[in-house]
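Presented sequentially are two complexes of chain A, the first with chain B as partner and the second with chain C.
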Partner chain A sequence: MINFLILPILVPILTGILLLFLPRHIYLQRWISAISTFGTVMVAASLVQKVYQDGIQTLDVSSWEAPFGITLVSDMLSATLVLTTSIIAFLCILYSCFSIGEARERFYYYPIVQFLVVGVNGAFTTGDIFNLFVFFEVMLMSSYVLLVHGGTKIQLRESIKYILVNVISSALFVITVAYLYSVVGSLNMAHISERISEVEQNGILTVIAILFLIVFGLKGAIFPLYFWLPGSYYAPPTPIMALFGALLTKVGVYSIMRTYSLFFYHDYEYTYGILIFLSLLTIILGVIGAIAYMDLKKIIIYNIIAAIGVILFGFAVMSLDSVAGSVYYIVHDMIIKAALFLIIGIMIKITGTSNLKKMSGLIKRYPGLAWTFFLAAVSLAGIPPLSGFFGKLLIIRGGFTEGFNVGAEIVLFSSLLILFSVMKIFIYGFWGEPRSYPEDEKTPVKSLLIAPVILVIISILMGVGSEAIFPYISLAVETLLNPDIYIDAVLKE
Partner chain B sequence: MILQVCTKVCLFIIILFSVHSFFAGHYEPGGGFIGGLMTSGALVLLLIAYDMKTLKNILPIDFKYLIAVGLLFAVGTAAASLFFNVPFLTHAFGDVQIPILGETALHTATLFDLGVYLVVIGVTMTIIQTIGEDE
Partner chain C sequence: MEILMAFVIGMLFMSATYLMLSKSLLRIIVGTGLLSHGAHLLILTMGKVKRGAAPLLGEKASSYSDPIPQALILTAIVISFGVTAFFLVLAYRTYQELGTDNTEKLRGTEGND
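Up next, the complex of A and B:
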């Protein structure tokens, strides 16, 4: 079927529309959204397999040929990210069924989550720069609603900041696309890339490259532009926080990877030099934040920022090893961040606080929760059999062989501090004398734990079976390093 | 009183004009978005001249469902191409014999536009009604 690659976008959008008709039927909403998201996972998995077997999949929407219509492109990178997104969305919905509360479910919670998935999957799949903007907006609109959903005071305050920052960055995105369009005269990404290589990326195109870095850096929270993230991600309830932490920033990172590898690879020294510099500062800042706080949510939130730095550093080094490492790491990081957020959500639910100093001894009553957290934590830090290891190993190896010694050492040293920050949670939260908490009995820990346990199992499998998934990763790397493959697939030359 | 009488006269002219610009969208300026905005403009005039209750008596629909129906039209038109195994959103057109109107040129883009039209009405009216009902 030629329309296969649109199914990960179409299934959630149809589900979202269907759910709009049933705001009052909560059980029906839960079942429908869980089943259909599971369907999305299946579709995305078979899409990955199809891309693996038959090469890059393209679809000229409305039958208009490549540079004139919108083209959707699924290469291995976007297909794997779509699969990861669908898995995380499925598990977050599973978690929401037990935790989000009927008051929120009654007000279109599930349809909006579906629309968020539409935006993220669409942004990963599109091959048109303006269509990317539109899917960004679909994603951001849904995230605005999810952020403010429920209307507590902190959510209202933080969503004002979040919306303000994102409206400005979206306006900048439109301006940047306008500049790019006036220089190259096309919106199709493959066609833009072809035309930029004809003029060899002169001064104005480097300026546009930096403007894109600012735009996507604002969405993806890199060093000087991350300021909105710690506050905004602190506000919403756990499953929403997990969706945001796992998906939204990664779309920004993916867009940087896509535009830089496809458009702006001609002036490596300057554009990539800035990217490397900023990504290292991002790592340093994220790590400092992660060890500074005694608050569960803040620690994990700053870990997101550090991970973004690691991914972008690996990508910007641009060697075979390091790019493979960062593709591997982005998938690992999405999964493990979702797991960590869901686990600390359970801890907060039990203890009624997110302050580490006010909790202790949870391991006595909740050993399953404790060991799931432990596995997720060591996987985040990158202990060998688990999934965090291989990505970082490849990134660091790539860094050393390409002569970015300082950068590779920063990545290496950051792992230590990340391990310290999550072990702090383990030591303060789980060890020590047990205390009694008000919500102790009422929290359905067992059913809440299903989603994070599945995520941790996936992460372990990714680590143990890294040989098996490596062919997929190297296929994604191939397109990133040789834009010609992408261009040929889209323009069919 | 004057406002209400004027509304009675103007309402249908505005709605006719909006329907006209909706159908003219393919060949002339117009289309689903502007048509939908003008229809909801007519409904807002009704709201100003009378009150919320009157509007609900005349149009007993929940506008939130209108959004969903409109989205269904738009996505449904696009997704129908899946059944014919042509790329997503590929439109079809042709001359169709309709009993009363005779031979008419029809295009599935109209159905897509109808979706846009309904969504725009639904969204505008939902915004205005919820703000209006807010105490």
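Up next, the complex of A and C:
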């Protein structure tokens, strides 16, 4: 079936529309959205298998031929990311059923989550630069609503900042697409890539490359453009925070990887030089934030920023090893960040505070929670049997062999400080004398723990079975390093 | 013609930036409006403002103006309508709840020790 690759977009959008009609039937909403997101996971998994067997899948929407219509393209990178997105969305919905509260569920919470998944899956799958903008807006609109959903004071205040930053970056995206259109006269990504390699990369195209870096850097929170993230991600409730932390910034990172590997690889020294410089500063700033705070949410939020730096550094080095490392690491990071956010959400629910100094001794009463957190934390830092290790290993090896010694050392040293920042949570939160908390008895810890435990199991399997998933990763790396494969698949030459 | 348009768009971006750096929330929203006007005019200009008939096949002209930028602008306009409407209601709610439209006062210290 040639329409197969549109299903990860179509299933959530139809579910979202259906759920709009059932705002009062909360049980029905929960069951429908859980079942359909599970269906999305199944569809995405078989899409990955199909791409693995038959090569890149393309679909010319409405049968208009490639450069003239909108083309949807699913190569291994986007298929893997769609699968990861669907898994995270499924588990976050599972978590929401027990934690988000009826007041929010009544006001279209589940449909909006479905629309967020539509935006993210669409942005990963599209092969048209303006269509990418539209899917970005679908994703951002849902994220605005989710961020302010519930209307507490802190959410109102932070939404204003978040929306303003994203309105500006969206306008900048439109402007950049306009410049690119006037230079190359096409919107199809494969066709743009072909045209750019015909004229080589001259000055104006390098300017457009940097403009794209600014646009996607604002979405993906890289060094000078990350300022909005710590405040905005602090405001919403846990499952929304987990969705944001796992998905939204990674779409920006994916777009940088896609545009840079496909369009702007001609002037490597300059464009990739800037990318490496900024990614290293992102790591440093993220790590400084992560060790500075004694607040659960802030620590994990700054860890997002540090991980984005690591992924982009691996990508920008552009060797076989390091790109494989960063593809592996982006999947690992999405899963483990969702797990960590969900776990600290449970801790905050039990203790009623996110301040580490006001909690201690949780391991006595909640050993399951404690050990799940411990596994997630060591996986984040990159301890060998777990999933964080292989990505970083490949990135660092690529960095050293390509001569980026300082960069590789920064990545190594940052792991140490990231380990310190999460162990701080473990030591202050779980060790020590047990205290009693007001919400102690009411929290359904067992059912809340299902989603993060599944995520941690996935992370362990990714680490232990890295040999099995490596063929898939190397297929993704192949397209990133040779844009011709992508172009041939889309334009069918 | 493109040069004139470039100057006008530049002025729009300049005023938008100035307004968005001010303290009052409503001025900021007016700024975002100007910014999207600038962006939309820029798409139109970048598609080349050549003389040609409106892109309707009934015109039977020898050359038409480029239809793609017009489609892009139409999409971008409705998207920015949606976002602006949401933003305005959000500003209204924030004014009701927090009692200020001064962005300097929209600060908080919850949980950051």
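To be clear about the criterion, the second predicted complex is superposed on the first by the 493 of 493 C-alpha atoms of A that agree within 3 Å, B and C clash if a C-alpha of one lies under 4 Å from a C-alpha of the other, contacts with A are read in each partner's own complex, and residues count from 1 in each chain.
We adopt the following convention: contacts are C-beta pairs under 8 Å (C-beta built on N, C-alpha and C of every residue); 3 or more make two chains touch, one makes a residue touch a chain.
Please read these numbers as outputs of a predicted model, since none were measured by experiment.
Student: Looking at the overlay, what does A:Ile168 touch: chain B (first), chain C (second), both, or neither?
Tutor: second
Student: Who touches more of chain A, chain B or chain C?
Tutor: C
Student: Using the touch definition from the top, say if A:Arg157 reaches chain B (first), chain C (second), both or neither.
Tutor: Second partner only, chain C.
Student: Applying the document's definition of touch, where does A:Val134 land relative to chain B and chain C: first, second, both, or neither?
Tutor: The second partner, chain C, only.
Student: Is A:Asp295 contacted by the first partner chain B, the second partner chain C, both or neither?
Tutor: second
Student: In the superposed arrangement, does A:Asn355 touch chain B (first), chain C (second), both or neither?
Tutor: second
Student: Where on chain A do the contacts from chain B and from chain C line up?
Tutor: Correct list for chain A: none, the interfaces share no residue.
Student: Which residues of chain C touch chain A in their complex?
Tutor: 20, 25, 28, 32, 35-36, 38-40, 42-43, 45-48, 68-69, 72, 75-76, 79-80, 82-83, 86-87, 90-91, 93-94, 97-98, 103, 106-108, 110-113
Student: What part of chain A is in contact with chain C in the complex they form?
Tutor: 130, 133-134, 137, 141, 144-145, 148, 151, 153-154, 156-157, 159-161, 163-164, 167-168, 170-171, 174-175, 177-179, 181-182, 187, 234, 293-295, 297-298, 353-355, 357
Student: For chain A, which residues are in contact with chain B within the complex?
Tutor: Chain A residues touching chain B: 1-3, 6, 10, 13-14, 17, 20-21, 23, 59-63, 72.
Student: Which chain B residues qualify as touching chain A in the complex?
Tutor: Residues in contact with chain A: 64-65, 67-68, 71-72, 75, 79, 81-82, 85-91.
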